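These notes are about the structure you will find just below.
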Amino acid sequence: MSKLERLIIAVMFALLAAGVTLAAAQAQTPQPPQPTNSITGDSCVACHKDIYDTWQGGAHGQSLTDPVFAEAWNAQGKPGACLVCHATGYDPATGELKAEGVVCTACHSPIPTNHPTDNMPIDASPNLCGRCHSDPRFVTENWKLSAHYQRSMTCSVCHDPHSAGMKSVAGAINTRADASDLCANCHKGVMQNFPTSKHAEAGVTCVNCHLGFNVGTTDITDFVSAHKAPDHSFVPTLATCNKCHANQMHAPGESVAAAAIAIEESGGTPTPLPTPVATPIPLVTSQPAPVSPAGFAGLAGLLGLAVGMVLSPWLERLYRRMNTGRMNTTGRKK
Amino acid sequence: MSNPKVDRRDFLKITAIGVTALAGAQVIRRAEASEPTPSGGRQWAMVVDQSLCNGCGYCVMACRAHNDVSPEITWNPVLEAGQVGDKKIYLPRPCMQCSQAPCVDVCPVKASYYRPDGIVMIDYDRCIGCRYCEVACPYGARAFNWKAFTEQNPAVPEWGQPEVARRPRGVVEKCAFCYQRIDRGLALGMTPGVDPDATPACVVVCPVGARFFGDLNDPGSNVSKLLKARTSYRLRADMGTGPRVYYLSATEENA
Amino acid sequence: MKIRPKLSKLSPWLAWLIGLGVVIAAGVGAGLIVFWKGLWITHLTDLIPWGLWITIDLSSIAVSAGAFSLCAAVYLLGLKRFQPVARTATFIGLIGYSMALLTLLMDIGRPDRFWYAVVYWNKHSLLWEVTMCVTLYLTVLVLESLPIFAQFEWLKMRWPKLAEKMSHVHHYAPYLAVIGLGLSMLHQSSLGAVYGVLKARPFWYRPDISVLFIISAVAGGMALTVFASMLSARLTRRASVDDGLLDRVAYFIGWTLVLYLYFRFWDALSMTYTYQPGRTEGLQLLTQGPLSFNFWVGEILLGIVTPMILLLYRPTRTSQLWRMVALALVVGGVVAYRWDTNISGLMIVLSYLPGEPTVEYAHYVPSLIEILSGAGVVAFGLLAFSLGVRYLKVVNHSLTVEEHENRKVEAKKPAPA
């Protein structure tokens, strides 16, 4: 038989092998019903109502509708630059945005096709939060100096990413005093002695010195105004002490407060801490590498091609023999 | 005249069967697992109180600093182990120093061996780097030096120096319960588990006091008392490895 | 006189040598880079510390099993007529074990300490037992191969006395065969037991894994021997084979495959009952996961079932083409089995945290360095065999018959008066 005929039969074998393999492989990875894949957050709320409620009442959910923001944004002529953070999926080139506010998919994307079988992806590192919150006005450079960052603590250790507020230790409500309770949760050693100190008697809590909140103030908006954040290096500096003790510091000849601040600004940096290196963990996944039915079908097709090339002369002889009913006397010896 | 071929063949057959049987018997005898460590004398054990551990990771760093461990290797990782109520629970995992250690059984050159006090040691001068022990350890406690670690160790602070030699490329290493501190402390008359200088670094540095170390054979040691007073568990005890690291669970009450 | 590159004079033999030389050079280069830089340039990790090289090592030892089985058949079962095939198998065995040693040399972290296992003993360790048996068996193979090297024409010319002494080792072949049988039975199954005794890996932890290793080794070793003999006979006149002998061996391989399939079937089936963390996932990796094509098509369909049918069905067994195809498939199946066993067990990462153990999966794809150095070792094996066929008459079923005839004639000569 001619080479072309052989090739044709071989291709038929290849297609058969590929088809069978494809069917077999796909039968083992049943395709789940496809989710709607809409990213407005309305499809997530069906299962994650609690989180949705928390999110909607918080700063992330209200990032576009908050009246303070809306007023300032409108007054500046609705600049697109604000939408980069205050909306999800804003495309400066076209001016279109995917959703208003910081919706689920701002952090949890791309949506896997067979959620809930596969978990939603999330990058728990500060890099994800830093996409918006590393604006220099947020002074998050200080966070990188902190011992917390260098011990690989992430933002979500203290901050609830959904409500964009502080996490609460069980029982406490979301107040500023609550943030100090968070500190006490780890730094138990400190909390053994601090409550009996003079500072504690005066009503000073952790966040007053280590985050720069004013003592006795309960309203955070006087400090956390637009794009401002407390100093997350957690290192009290001389200026911190001076907030209360300015007139008790001594400096010859000049205003104590001014002198203290001058010393501070001239280069008093916090003691650099040793930099632990993140331990690289060999990559593990919760599922094995996905089976590619198409890949297997391709391999099977190649095998089928080879088998077909080899078998085709024999098949032709068989066919002829069946049709003529006589021995094929001109058949070549194998 | 007898047919020499037949005789020789019979002789060979009997020899073959005999040799094979003998070899098989040897294999069966030798292939048994090695005996567990002798239980007299001191038997070091570590206890981790999970209700106190807050996952800060200081023990990881102290171990790395004292033992000059490369940043790419962790002898004592702190793993997340679920949650009790609102509180996350952590599990630091040093080498279990198993009394029936799979790694000691499988090392082809006996580079891993038992010390009389229960610590599983590695002779880094004997290890050939076949990594069979790494495959055999159920706890993943062994790490292989894929590359030579020659640069300065960022984990070692300026004011201190590591207490053991750095391992070369091509050998497997693991936590050894800071045997160097134990031995030195004992020689100076100190008590490991009580005196910080004689106790493993991870136990000493824990800021919340979640780790304990001591002699199980001494009923008055802190570990013996703890294990008597509280319910403890060991990792994968069902596998029969006999680990020497005990964990005190965090419960709703004490978490 | 025109100076033109003699490309037209490039004989197939020379082209083959050059091709192999290139691969070997690349392999040597890759190996040197590994020695110099360290194992971190491979894709091996602490989770999957054994990869492509260990597979090549296991496969080389497996396909060398033809040596002990055929020598045992010839010298212990009295099937003298297979002696020429046993000769080829012995030579292949020598090559295979040296390939294994080369691969291991690259794979262990301290190649300078490769001799430690012979000096420092751990009788409880199966890997120690394998190392000792392999070392001793390599010695046996060298001795058994001395008569083959004695056929080297240059040696016969230069040192005829030495060549004759080497040839005389043939006299001790039965004793060497006994020792070789004992050593091989030990280490071929111990290689399986290296995996099988690890309680930490539930997918490997079963007693029959050693049985599977030795049966597949016997099938694969004999298959490679016959395949290599047939291929050499087709390619060069220096190799001549007695097809009847090879047909009988192929028939035996067919039945070995039946036995192998039997054990494999029950081994896999028994693992499907009740969920055991680690073991069930391992089987799933093989049957449904990323290894499923390799398992179902490579190991079972093409590695066992198809060659079994081809070799037991006379018309295909007697056909040169079909027999060679079947034998090549057997060898491929044996290699695939060892790859699957090694990787599937290592990919399963069983958690040791309290509670029901959960399973995660590690990943491994061989790096270029590993592939190049592995290919270099394989090319070395091919080169050694090709040289053996060309210069040592390794595949020559008529030669040894003459030798035996000569001996017989000499024995019948009357003593000088």
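General observations
A, B and C label the chains in the order they appear, each numbered from 1.
Just so it is clear, a contact is a pair of C-beta atoms (placed from the backbone, for glycine too) under 8 Å apart; a residue touches a chain by one contact, two chains touch by 3 or more.
Since the structure is predicted, the reported quantities are computational estimates derived from the model, not experimental observations.
Between the interfaces A-C and A-B, more contacting C-beta pairs are found at A-C. If each chain is reduced to the average of its C-alpha atoms, the one that sits nearest the average of all protein C-alpha atoms is B. Separating the centre of subunit A from that of subunit B, both taken as means of CA atoms, is a distance of 36 Å. In this assembly, the C-alpha centroid of subunit A lies 49 Å from the C-alpha centroid of subunit C. Residue positions of subunit C touching 2 or more other chains, listed in rising order: 46-47, 349.
Here subunit A touches subunit B in the complex through residues 151-152, 169-170, 185-186, 188-189, 274-277, 279-280, going by the rule given at the top. Residues 54, 56-57, 60-61, 71-74, 77, 85-87, 154-155, 157, 207-208 of subunit B are the ones touching subunit A in the complex. Taken in their complex, subunit A has these residues touching subunit C: 21, 25, 28-29, 282-291, 295-296, 299-300, 303, 310, 334. If you check the complex, the residues on subunit B that touch subunit C are 8-9, 12-13, 15-16, 19-20, 23, 27, 30-34, 79, 81-82, 91, 93, 102, 105-111, 126-132, 134-140, 142-148, 169-172, 233, 235-236, 239-240, 247.
The touching residues of subunit C, when paired with subunit B in their complex, are 37-40, 44, 46-47, 49-50, 72, 75-76, 78, 107-110, 113-114, 116-117, 120-131, 174-175, 178-179, 181-183, 185-186, 190, 193-194, 197-201, 346, 349-350, 352-355, 357.
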